[in-house]
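Shared between the two complexes below is chain A, which has chain B as its partner in the first and chain C in the second.
== the complex of A and B ==
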């Protein structure tokens, strides 16, 4: 882990010492080097499941794909922000990069934590740079409202989590993930026990987000600058999923009835947010609601706690992270040219920017879960395991898949096909940087199709 | 021809067919006779002023080979080279090769140790070995798998009449 952490820490001096002319080049190079080094974490050579351990940090097949995704995303965020940040004074650019790097650092420590309290602290700490990125570098006045929703929704969910963790520490004597994975789940007799069960999960359900507590997500994703949207969609939502998967293994089947309302909410949320997508006028809002929809499927998969559903959840988290981030980058290419996110204002772009239309096409195909991409594999595995759990869920998940395909098609047709908007008179050509950014998003998805065992987790 | 120019080189021609051709936005004053003035505010076509009151100049004007990284052409090219080298050649190609040749560890025993007892590693080897054994046994004509895990003749059972 240190070979990842030390270079990430050294990104701070790099940011502040590099000459302004070469700042972005150096950051891109170092961030990509860290991303390459993170691939070595995929070498799981231990019988107990946990590798790369020291007393505080370790990796296992659940956290490693998410760690690699986090490390991969930093250079992509740097590439995506380079253009819109460049008019700003150099020290403000350095501050922006420092926030991105500190977010990266906290996320690495969160995914690598072996002690749940360290995970909790890092989970909360990631809120701070994200809040600053959204409220300082967002483009509309709504960013303040978005930051408030983002911060307080997550905090309201995580204070009960802290109490629950302290109770767990008192009962079990240890909060190390290596130990609690073997402990017998406590029977939930009293009302307080049931509230404890809910308190363990609510923070992560808000973060995922679950449908009823999802209101922060469209605001935060839309108002954030592109790097903020990317890291939110790709990694921060998966923090919630990861936390849930760690906690829920000790909240075992005795919680059957307690889980039902959340499973139903998650499944219903897939359909509701998918339908909302079909009515969106704001492009980024459409992509944000699509994230809620996909994460609803992940939440349902995690809550039923079968080996296959866990596997599907991890695969879908990784695949969705890359695809959703790609879509936000594409939306940003539109935004940088037109300074508007309205779907109607950027129609028929295929006639103007045909190469970018190719990327739009592939990204939307990934979003609607086209085989053989891992998006489909994750969704299919979750849908199958949910069908096994209860046959009625196929109605909801099947309709959800249909609606997902509809809004992905809608997004593609609205932005790329049809007549060019007459209002557009001068569109800057696509940059090499933007093409590279899209390639670096979509090539890993395609490569993961060929080696899915990297993402299967520990249950397959 | 002009419509092709309008589509392909928008930075050079901000107005459409029939209007003043070759109108550019290099000067600091907005172009006169702007027929393309936006009906919707918030759009920024040519002629839109940025925060300092200057007209937005496309970086393609000064540097035909702008890659999107930096306004200095030399830094722009170097940034592009560095990003492509580290991103594609190192991370994807070398990293991908590394990942491809990772040993056959597979997932290990996790939290379901008490319930599922999944095996650790060597999954790909196990499948190859199984296929090899099936092929070998079918060629020899013997049963692929015996119903008994242990050889029944080797199991010594106490006789029915014995008591402790």
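== the complex of A and C ==
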């Protein structure tokens, strides 16, 4: 872990000392070096699954794919932000990069934590840089509202979690994940126990987000600048999924009955948010609602707690992280040229920017879960395990897949096909940086198709 | 205009109706002229912007801006609960949750009962 943490910490001095001419190049290069070093974490050689050199930070097959995704995303965020931040004074650029790097640091410590309290503290700490990124560097006046929704939804969900963790510490004596996996499941029968059960999960359900408490997500994703949207969609949502997968192991056997409302909310949410996507005006809002839809499937998978559903949840989290982040970068390429996110404004872009249309195509295919990409594999494994849980879920998940395909097609056809709008006459050609960004998003998805063992987690 | 006669089986279209041109009241004609003048001004502004050699931005369409604002940011202030949309919310938002809760609970309880009795059939050997 130190080989990841120390270079990440040293990104702070690099940001402030580098000459302005080399700032972005240096930051991208160092972040890529950290991402490459994080790939070595994929070498799990311990029988117990956990690889840790100290009692506080360790990795296991669940956290490693998410850690690698986080480390991989930082150079991509820096690449994506380069253009829209460049008009600002150099110190403000450095501040922006410092925020991204500090977010990265907290995320690495969150995914590497072996104590649940450290995970909780890092979970909360990631809110602060994200809030600053959204409210300071967002583009519309609604960003303040978006930041407020984001902060208070997550805080309101996670304060009960703090109380629940303190209760757990008092009962168990330790909050280390290495120990808790072996503890006896407590009989959860009183009302207070049921509230404790809910308190453990609400924070992560709000973060995922679950359908009923998802209101913060479209606002935050739309108003954030591109790096903020990327990290929100790709990693911060998965923090919720990761936390839920860690906590839910010790919440048996009450989960059998108490999980029904949340499973149903998640499954119905797939259909509702998918349908809302078809009526969106704003491109980023469409992608944000599609994130809610995919994460609904992940939430349902995690709540039924079978080995296959956990595997499907992890695969879908990783694949969705990369695909959703790719779509936000594509939406940003449109936004930088037109300063508008309206779907109707940027039509027929295939005639103007054909190479970018190829990336749009692949990203939309990944979003609609085309075989053999891991998006489909994750969705299919979750759908299969949900079918085993109860045969009637196939109606909801099947309709959800159909709606996902239709809104992905809608997004592709609206932005790329059709007549070019007359209002647009001067579009910059695509930068090589943008092509590189898209390649670095989509090539890992294609490569993960060939070696899914990296993503499967420890249940397969 | 040329003297068009109505075809035996087809009626004259509205734009070829002489009453449209020759029997218009002065107030109506004045209103039509004002509207045509506004349209011409808008077209002129658009053409000026379209052919301006120094323009680098896209041409802003105020109608599109108003429409986007109304659809995205002005939803809640203009919402009023009516019987129709409350019913819609209940049917799409609350009733399905209750319906699916009963469906899943009944199905799972039935399976649990079969497992308890030992009569469950597992024809395939599958992990899940």
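Observations
The rule we apply is simple: the second predicted complex is superposed on the first by the 457 of 460 C-alpha atoms of A that agree within 3 Å, B and C clash if a C-alpha of one lies under 4 Å from a C-alpha of the other, contacts with A are read in each partner's own complex, and residues count from 1 in each chain.
In the analysis below, contacts are C-beta pairs under 8 Å (C-beta built on N, C-alpha and C of every residue); 3 or more make two chains touch, one makes a residue touch a chain.
Worth saying up front: this structure is predicted, and the values here are computed from it rather than measured.
Within the superposed three-chain model, A:447 lies in touch with chain B and out of touch with chain C [touch as defined at top]. Of the two partner chains placed by the overlay, neither chain B nor chain C lies in contact with A:132. By the touch criterion defined above, A:186 reaches neither chain B nor chain C.
Of the two partner chains placed around the shared chain by superposition, chain B and chain C are both touched by A:426.
Within the superposed three-chain model, A:162 lies out of touch with both chain B and chain C [touch as defined at top].
By the touch criterion defined above, A:265 reaches chain C but does not reach chain B.
Once the two complexes are overlaid on the shared chain, A:345 sits against chain B and chain C alike. Of the two partner chains, chain B is the only one that A:439 touches; chain C does not reach it. In the superposition on chain A, A:36 makes contact with chain B only, while chain C stays out of contact range. Ranked by how many residues of chain A each touches, chain B and chain C are led by B.
Shared contact residues on chain A (touching chain B in one structure, chain C in the other): 307, 338-340, 345, 423-426. Residues 50, 55-61, 64, 67-68, 71-73, 92-93, 96-97, 100-101, 103-105, 107-108, 111, 126-128 of chain C are the ones touching chain A in the complex.
Put simply, chain A touches chain C in their complex at residues 142, 260-261, 263-265, 267-268, 272, 281-282, 285, 306-309, 338-340, 342, 344-345, 384-385, 388-393, 396, 422-426.
Residues 7, 10-11, 13-16, 36, 38-40, 42-46, 50, 58, 60, 66-72, 75, 78-80, 82-84, 86-88, 90-92, 94-96, 98-100, 102-103, 105-114, 116, 118, 120-121, 123 of chain B touch chain A in their complex. Chain A makes touch with chain B in their complex at residues 21-22, 24-25, 28-29, 32-33, 35-36, 39-40, 42-49, 60-62, 72, 75, 79, 82-83, 86-87, 181-182, 249-250, 307, 338-340, 345, 351-352, 423-429, 431-434, 436, 439-440, 443-444, 447, 451, 453-454, 456-460.
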